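Shared chain: chain A. Partners: chain B in the first complex, chain C in the second.
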Partner chain A sequence: MSSAKTEVPWTEKYRPKDIESVAHHEAVTKMLRNAIETGDMPHLLFHGTPGTGKTSTILALCRDLYGPKQMKKRVLFLNASDDRGIDVIRTRVKEFARIVVTTKVEGYPCPDYKFVILDEADNITPDAQSALRRTMETCSKNTRICLICNYVSRIIDPIKSRCAKFRFQPIPAAASLNTLRKIARKESLNTIDGTLERIVSTSGGDLRKAITTMQTAFTAFEMPGPADIDTLVGRIPDELVGQVYRTISSGQFDAAKRQADELTKLAYSVKQLMLQMNEVIFDDMLLSDQAKAAILGRMALVDRNIQDGALESLQLLDLLAFIGYSVQMDRGRK
Partner chain B sequence: MATGTEKKIQIPWVEKYRPATLSDVVSHKSITSTLTQLIANQQMPHLMFYGPPGTGKTSTVVAMARDLYGSKNGAPSNYSTMVLELNASDDRGIDTVREQIRTFVSSRAIVHDPPYKLVILDEADSMTSTAQFALRRVMEKYTSNARFCLICNYAGKIIPAIQSRCTKFRFKPLPSTVVRDRTLHVIEQENLNVSEDAVAALVRVAEGDMRKSLNTLQATAMATRDITSTAVYETSGLPSPEVVAELVGCLMTGGVDAVQQITSTMTMQGLALSDVIQGIHEVVLNLAIDGTVKAVLCKDLATIEDNVLHACDEQLQVGGLVAAFIQARAML
Partner chain C sequence: MLWLDEERPKKLKELNYHHDVNNMLIRLSSKNDFPHMLFYGPSGSGKKTRIMAFLHDIFGANVEKMKSEMKTVTVNRNDVEIMMISSPFHFEFNPSDAGVRDRHVVQEIINEIATNPSSGVQTGNRPTFKVIILNEADKLTTAAQQALRRTMESCVKSARLILVSENLSRVIEPLRSRCLLLRVPSPDGIDVATVLNDAAMNHKVHLAQPVVDRLVLTAGGNVRLALLLLEATAINNNLRCTPDTLVTAPNWVLAAESIGVDLVKGPHNPLALHRLRTKTYELLTRAIPPERIFVLVLDTVLRHGSCPPAAKGELAYWTAFFQHRCALGGKPVVHLEAFYARVMGVLAQYGRG
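After this line comes the complex of A and B, so read on.
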């Protein structure tokens, strides 16, 4: 049992199999069901934050339309890891769209059109997008295109105007919790109070993240508790962050440096530290808004530097020194 | 069956309402009258149209081509034999220039008025420079047979050798009154239910780009029957002025806890930080505060926008945004 359950990622195993079981997006599912019945399917554009069911919905739709066996022939799925420059749009998508498939499968509607799914479409260059524009028109007889993206503003307008758009909102905590409980029951897991809740709260409305965390947690620990979840998602223990903040603001730079080294050794990312340090700083009632602002500004800068490839350890030292300096100047002023 | 599904895919309104003749082109009167003159005097040069998207470059040249080759006095239209249109979705490497374009221009039209063919190269700035070099010679050699019209957004991307062979026309962004009138015309023709502030929103989103206005209108009409300004902003994925005003209000009065508020508004509405910053930037420019402070704020906004483009963490950058405002407020 324990060896079998780790084989397939649960995100795949519990991906909704048909439109009916897609969670929490009534408006979308209603429209799509309608479209299946009438055979009147527009091009689709799904957008919203990660892990809200965009890919699940379109895959479920395709399965409802063609059945599992025909999926390969009828659906072309391209995501950001495939090359999707202007040439791919010109050749692969066009070629796929050109082939007419008429094989019917008993029990599925199998309409005449095929589906091209472009996942993570906000990464397609505007040039390639404008090439796609023509393709969408010329191929509309036997192909529907479904674009999936996080930010709809990254999709050029001519494409938006050719698609029916659907926004997927972050999945509410209660609904995520429900799904996790369902999985827990099916996998017959022993959960203790607060674990699933903690998983949901760290996932920020991203159901995929929640399920992945859950699977990892129950594979790694016998009976994971909230603290184990923190470890898994790379959250630094709150006491540790608080301790670093206290040491640094009392002016003991050397001590702070030692703690910084400790953090680096534990392989916590500076980004995570900054996000959690944010909370600690927000909660420090003694600190003036000015000082808080200065620190936030510095964090934005450090974030950028790290993104540009700066050494994390140096950036961390700089940040800690700056925080210590700001806090002490602020207290001195009072 | 096929026709049943095909019918539902509407023609894009930008195509449907493309001006049919030169006199229908709503803006750029000086350009259209110059073109009419050139046609009348039989002095058509090679043309190059450049300017931002949606300002009528393609519409003008297509309308001109229709005027030139369309059915006149009952004679059938010669449009398809006399005009070659190539855009970015067609392959336009050096081979195309050598084969397709050369074949088209080297065969001479027998009796026609006007006696030249027209090659329209849309989105010419995406042509490779080798293809452009090859084009240079073709343009000269076949001048007696054909005229070229290159259309591009950035004149700088066309090699000087081609530029010097063309008469250049610059297309400015359309004035908002023109965008408004034309949008209203389409709304009337399509029998849409559009509120007054939604029209204003369309014009605002378009920023002088006629195509953007119509595309947004069509996309919104696809999603909902009653078109309101909220629906328009939702379709475009841009923050509405109300949301931006709310965010700026929050930034101008709140403390660091504004971070939470802004992040949650952004997730709930599905907004990208860079769009939010752009909106805020506009509002900041109109704030009644000291110019120096404004300058500092704009500089900070620019930095944060750059950070966002370098894939930085959104929440930390929102922190930076809040910090910039708190510090600016202290300078007041």
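After this line comes the complex of A and C, so read on.
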């Protein structure tokens, strides 16, 4: 890069422009295409993990419906950085829904309804949601609502039942790889075998993360290989995970404590460790199914606690001590 | 100026450990473009030093021309004051200073920075975006973190965010998805020792090896603490640290450790429990995070010679259990005392057996 101009990151540059280019979610895109053709659009509820295309899909849909210019008049887009308390839902959304727009644009279907998009809806209070529900009833003639969230459990039932629900699953490896390859071609990247595959396998179905990792990797390394990707994404070296497992299997508490302290200093995320430890435990042929089940149960508990905001280092110590103890007891039984 | 600040390496090339991360930052800095980033790792491991050196290499020495000012943001007719540090190229603040109003404050500030055309002196091929450093990102309320999602996507042309956090898991998943994650581990003992020896040389301190060992042990991978302790120890001993010069841990650490010692020694009864309350309150009023108290008390109990080995697993379990409860809310002192009581119970049980 020679000039002072800054490029937009690839995640934005390659954000799907129309619903045809959304990767993987065929069921959603098919239904939306159908709804555009028949003019019979339901209220929508998109939910799923980050970076799977929820925001992209709704933006693409609106562009397909109204064209980039009319979109601003026809779509009210509210996300978590906007105020979305009960008053806003009651007044702003209602006001917007009341205005009738009939302008047509050549080349776009421009149906009579408008869209209210409540993106990142996980934090909208149940009260505000109730208010929204009434708006949905009174304004459904000329307004469609689209709610987007990570956890569908955050949305109240009466709203759920009024929407066509779509779960955006983590993007499978093949589809992610396909998207990365397309970008690689457009950016004329020199890729070596296994690199893109590793980016995909470490991204856990989060396409945004995969694209960011790819862009950083190709900025930071001349020709990144799989090992460079591991460094970049903070994957724990497999030898280290194996060594931790072997050491704590002695069942000695002090061994577990030393390993926990060491891992805490290394700052590896406990969730990442559990992901990799899981594989090691699964592959341990000497360990009984009961012991494996017990350890998985504890991992689930630790995962929940960390999600709640518990301190990782304490949860890690408890987990390692438990695994060590379980393995030791299990070996003793035979 | 504290030695700590004098010793802070200014450029990426001067950094003396974690070469993996450093090299990657060096390569990124030469390209003048980078994504939003999240630096995570234990306290005092060198996150901030790396960030500033990274910015230095990209924007030049002017990033060090920092001024700090109180910024007032009006939220629902209430004024919230926040301390803001800025250079011509970057802004930095602790959103948690805004308390529960952090969402509005963060939005307000980012919008202001992102919409104002950059005022920095643009020379050569420096990036045109501004950098916003959010310290203690893990202390942001969920609402504030949620609010950053779309903002980070839409402001990306004009601003890059650098989040700093001790705990990766406390940053919500959608934000982690929007950042390049950079892990900054605690340096090991040898690396800390090198930093200490260098600092001692620069300040003409005679530093005997046993004192280095003691400093390293007390600081436990926290370079900031290690340098603070070095400065205090050196000044107390007229810059001559002989093999028998002692290193004292910070007061609050000693106080938390003494709770652990009391728990092991007993007696294990309600009166003894009640006596710990004063110490606990003292720590809490000095704004020591409860989680640090849990960790220090547990470590002290586990290390103590009279702690029955068979009890250790259970002690670790209950510490994790009550710290989790504490994190979920309520008054920390309640959870800490429940934890002490349980430790007493476990110790009494194993002590007798």
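In this section, the second predicted complex is superposed on the first by the 225 of 334 C-alpha atoms of A that agree within 3 Å, B and C clash if a C-alpha of one lies under 4 Å from a C-alpha of the other, contacts with A are read in each partner's own complex, and residues count from 1 in each chain.
Keep in mind that, in the parts below, a residue touches a chain if its C-beta (ideal position, glycine included) is under 8 Å from a C-beta of that chain, and two chains touch if they have at least 3 such contacts.
Everything numeric here is computed off the predicted structure, so don't read it as measured data.
Contacts of A:Ala293 after superposition: chain B is touched, whereas chain C is not reached.
Looking at the shared chain after the overlay, A:Gln169 reaches chain B, while chain C stays out of its contact range.
In the overlay built on the shared chain, the residue A:Asp112 is in contact with chain B alone; chain C does not reach it.
When the shared chain is aligned, chain B and chain C each come close enough to touch A:Gln307. Of the two partner chains placed around the shared chain by superposition, chain B is the only one that A:His47 touches, whereas chain C remains out of contact.
In the superposition on chain A, contact is made by A:Leu275 with chain B only, not with chain C. In the superposed pair of complexes, A:Glu239 makes contact with neither chain B nor chain C. Within the superposed three-chain model, A:Glu120 lies in touch with chain C and out of touch with chain B [touch as defined at top].
Of the two partner chains placed by superposition, A:Glu37 touches none, neither chain B nor chain C. Comparing which residues of chain A touch chain B with which touch chain C, the overlap comprises 49, 271, 307-308. Those residues of chain A lying in contact with chain B across their complex are 39-43, 47-49, 86, 90, 111-113, 127, 130-135, 137, 140-142, 151-155, 157-158, 160-165, 167, 169-170, 205, 271, 274-275, 278, 281-282, 289-290, 292-297, 299-301, 303-304, 307-308. On the side of chain B, the complex with chain A involves touching residues 1-2, 4-6, 8-9, 12-14, 87-89, 91, 123, 126, 211-212, 214-216, 218-219, 222-223, 234-238, 255-257, 259, 267-268, 270, 272, 275, 304, 306-307, 310-313, 315-317, 319-324, 326-327, 330.
Chain C meets chain A in the complex at residues 20, 24, 27-28, 31-35, 40-42, 45, 107, 122, 124-129, 142-143, 146-151, 153, 156-157, 167-170, 173-174, 176-181, 183-186, 188, 221, 291, 294-295, 298, 302, 309, 312-313, 316-317, 319-320, 323-324, 327-328. Against chain C, the residues of chain A that register as touching in their complex are 1-9, 11-12, 49-51, 55, 79-81, 119-120, 122-123, 150, 206, 208-209, 212-213, 215-216, 219-221, 231-234, 253-254, 257, 264-271, 305-315, 317-318, 321-322, 325.
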